[in-house]
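Letters A, B, C and D name the chains as they come in the text, with residue numbers starting at 1 for each one.
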Amino acid sequence: MIDKSVRSVAEALAGIKDGATVLIAGFAQVGEPRALIDGLIEQGARDLTVVHNTAGRGREGVARLIGEGRVRKIVCSFARSRGSVIFEEVFARGGIELEILPQGTMAERMRAAAAGIPAFYTATAAGTKLAEGKESRVFNGREYILEHALPGDVALVEAWRADRWGNLVYRDAGRNFNPVMAAAATLTIVQTQHMAELGELPPEEIATPGIYVDRLVHVAAGDPPLKN
Amino acid sequence: MIDKSVRSVAEALAGIKDGATVLIAGFAQVGEPRALIDGLIEQGARDLTVVHNTAGRGREGVARLIGEGRVRKIVCSFARSRGSVIFEEVFARGGIELEILPQGTMAERMRAAAAGIPAFYTATAAGTKLAEGKESRVFNGREYILEHALPGDVALVEAWRADRWGNLVYRDAGRNFNPVMAAAATLTIVQTQHMAELGELPPEEIATPGIYVDRLVHVAAGDPPLKN
Amino acid sequence: MVETVTWQPLDRDALAARLARDIPEGWSVNLGIGIPTLVGNFVPPEREVIFHSENGILGMGPAPAPDKVNRWLINASSQYVTLRPGASYMSHSDSFALVRGGHLDLCVLGAFQVAENGDLANWARSDDDNAPAIGGAMDLAAGAKRIWVVMEHNTRSGDARLLRRCTYPLTAKGCVTRVYTELAVIDVTPAGFAVIDMVPGLTIEALQERTDAPLALP
Amino acid sequence: MVETVTWQPLDRDALAARLARDIPEGWSVNLGIGIPTLVGNFVPPEREVIFHSENGILGMGPAPAPDKVNRWLINASSQYVTLRPGASYMSHSDSFALVRGGHLDLCVLGAFQVAENGDLANWARSDDDNAPAIGGAMDLAAGAKRIWVVMEHNTRSGDARLLRRCTYPLTAKGCVTRVYTELAVIDVTPAGFAVIDMVPGLTIEALQERTDAPLALP
């Protein structure tokens, strides 16, 4: 019997190595695997490359991971932004490397990794400062730049419902980066708000099939915090 | 009020020009927009480039379109195969051009067209006869070939349920090429087995959002024919 | 030169409303952060416009009543939104495939500067900004069928934002097709900026004075 | 040389069953057309193996009873199938993204020829085949983590199919990791073919006689 569920966050995160590239899903705390991020802080891996939409906000989650000095490099689309206080401080003293990507290029580079595509061309960022040092090429009279696949060693994902095969359903805008990160990593670890019986999730609605999932831990985290 | 539905197959197909590239979905008659294919034969456009998984089987559908001499070029993954009698005959007398693509490369080239990616690298077909004349490049010690986006002027699609915005839900394996073709064409024409009220299709289940759909015609075609 | 002020600039809401007037039914539209977000308030619900948010929502409705908030339903500006009937969800990769593939009829963005060749600068005020917040702006600017910019006509210190060439780092080259300011609506044409509307009483000369690049009347 | 026939080749079902024995629980597996499809019949349902079909099904079950056919549910060989609990659907582009991205643990394919360097030829018997049926074979061969070939050890005219180098056009280079024939199970190793199993009574010498490339015992 296939059963990807494990009993604890610690068990879910076991074995993540120093130097790993960790994809962390979520968008403004919706669909963000906060329990796994906290668990990663406990787990102790260092020298991480973290791929996340922001460089952390406030003092929790990715911000705390950075604050604890565990992130060698952050790959994100929003670095300096409202609330990125910890990143600012660590970055100012040269304590973290930064790779800024347009949000769609970040998503597509992970999609490429998931889809066996080592590189693709995109018009996004062509002719801008972000294209410096990147190959460019003209197709049909328009300039495009070459972007490479961005695979993860680990992905941290939050689902709304999951079954023991690791099939996942997301809630509302909680989908965001979760499916593409789940598919782009070697080891995909999921925290799920609810567990479902195998066969209970409609085959038409499964947004991440279990083939992309390795470990599953039930965390009834509840709704994302209320924004003011 | 947005309402993409039209009253007849003829109205749905109006304006398709000679020389158009037409993407035709379906896999072994499941999810195949047969009424639209027949309508295209009626409509009269000639000199078409047709992208379809096969070069037609039997004497109906894509096979008939080829038999009527309306297809200048067929792009497919299965050319000569069981039942491709009409293609064989037309091809033998030089009456049709053929581009053979691996099925996944065909799908991904359309996905690239839909996603604003002019070209991408793939390992599929690298080092084979199908790579002849194509650029190749080594990434991480493996050889890949460059493939270009394959956009359609027109896509013919079959859905199970649709609403007036053109949101589509598919049935079982009837999904196949439909979503990617719908997204890859300038003019996407859909025949749907059922019409739904706006808001009736679950937002989590919509596999093709209406943004990809231009015209919609209700054709209660019923189940695909029984195979023997 | 002494100028007689016989005209009033639009306030933020009026500016958003002015732009909203030009969005026809049936368009799919992405609204950037700031004044662009306000535009949604001025498209009447009976005019069906399909609002997209980069975080995977197509078919957003207006903000919910405070007691009806769904904490799982935010837009790309992290504001609570609602769904219209007909809405759907998608992943980030599908959402940006839609953006990059040219399927949005319109994206409305804020800007620091727009050049007469359509170049857009909206993410950094200096080449030295080494940790910027880009988000989806570059993808939207490169991908949408039309980019309309809504911004103040001048900086707080009175400098022009409608320029011959942008001096700030670019978001995308040649992407802007129209600019809405509190003073005027200006098309970006192959020949440069063309004024298609001004607030009542404003003269082209007065507008030109506040603008670096030459302005034509269409 | 006179050979004493003290061994029996496997029939198609026994061959499929032999291969099925080696598929562990939890693997995701794509089965090609022909004998590979039969393999599914010999994986007992209590051993959970996730069968994928290129046309967008993950989690297929066995063929339905004739009166329980769902005409919307076919596999890539156009045969009616069923769904297991836990199955899901995806589009062709997502399905081949999964294939190309290396997410299948195994793909079982038929072949005309396999070379000792793992080259696979299974789509054309001649360079002159100008209108072939390739389907998804090249994608699967290039994409799956393991390619196991199941084929007859020799052609009908007795020619070897396990070769030093393929003479037919390639499907993919160096992709095959194991070959199952009615006579033996043979791994493709960096040093060439290594026999890991033979039908009872068959000798390595007799097998070598039927094989072009050199065979080693592991």
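Assume a contact is a pair of C-beta atoms (placed from the backbone, for glycine too) under 8 Å apart; a residue touches a chain by one contact, two chains touch by 3 or more.
None of the values given here were measured: they were computed from a predicted structure.
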- Any chain that touches chain D and chain B: A
- Which chain pair shares more contacting C-beta pairs: A-D, or A-C? A-C
- Item | Between chain A and chain B, centroid-to-centroid distance (C-alpha), Å | 33
- Note on the structure: Between the Cα centroids of chain C and chain D the separation in whole angstrom comes to 55
- chain A-chain D separation of Cα centroids, rounded to whole Å: 36
- Return the distance between the CA-based centres of chain A and chain C, expressed in whole Å. 29
- Of all residues in chain A, the ones touching two or more other chains: 108, 111, 115-117, 122-123, 170, 204, 207
- Message: Can you pull out the residues of chain D that are in contact with at least two other chains?
- Response: 89-90, 97, 99-100, 142-143
- In contact (per the touch rule at the top): chain pairs: A-B, A-C, A-D, B-C, B-D
- Task: Write out the stretch or stretches of chain A touching chain C in their complex.
- Result: 27-28, 30-31, 55, 77-81, 87-88, 91, 98, 100-105, 107-108, 110-111, 122-130, 143, 170-180, 207, 223-227
- Query: Taking the complex as given, what residues does chain C use to touch chain B?
  - Reply: 25-26, 28, 46, 48, 50, 52, 58-59, 83-90, 97-104, 142-143
- For chain B, which residues count as touching chain C in their complex? 1-2, 111, 113-117, 163, 165, 167, 183, 198-199, 201, 203-204, 206, 209-212
- Footprint of chain B on chain A - complex, ascending: 108, 112, 115-123, 139-140, 142, 144, 148, 169-170, 202, 204-205, 207
- Task: Over in the complex, which chain C residues touch chain A? Could you list them?
- Result: 53-57, 69-74, 76, 78-80, 89-93, 95-97, 99-100, 124, 127, 129-139, 142-143, 169-173
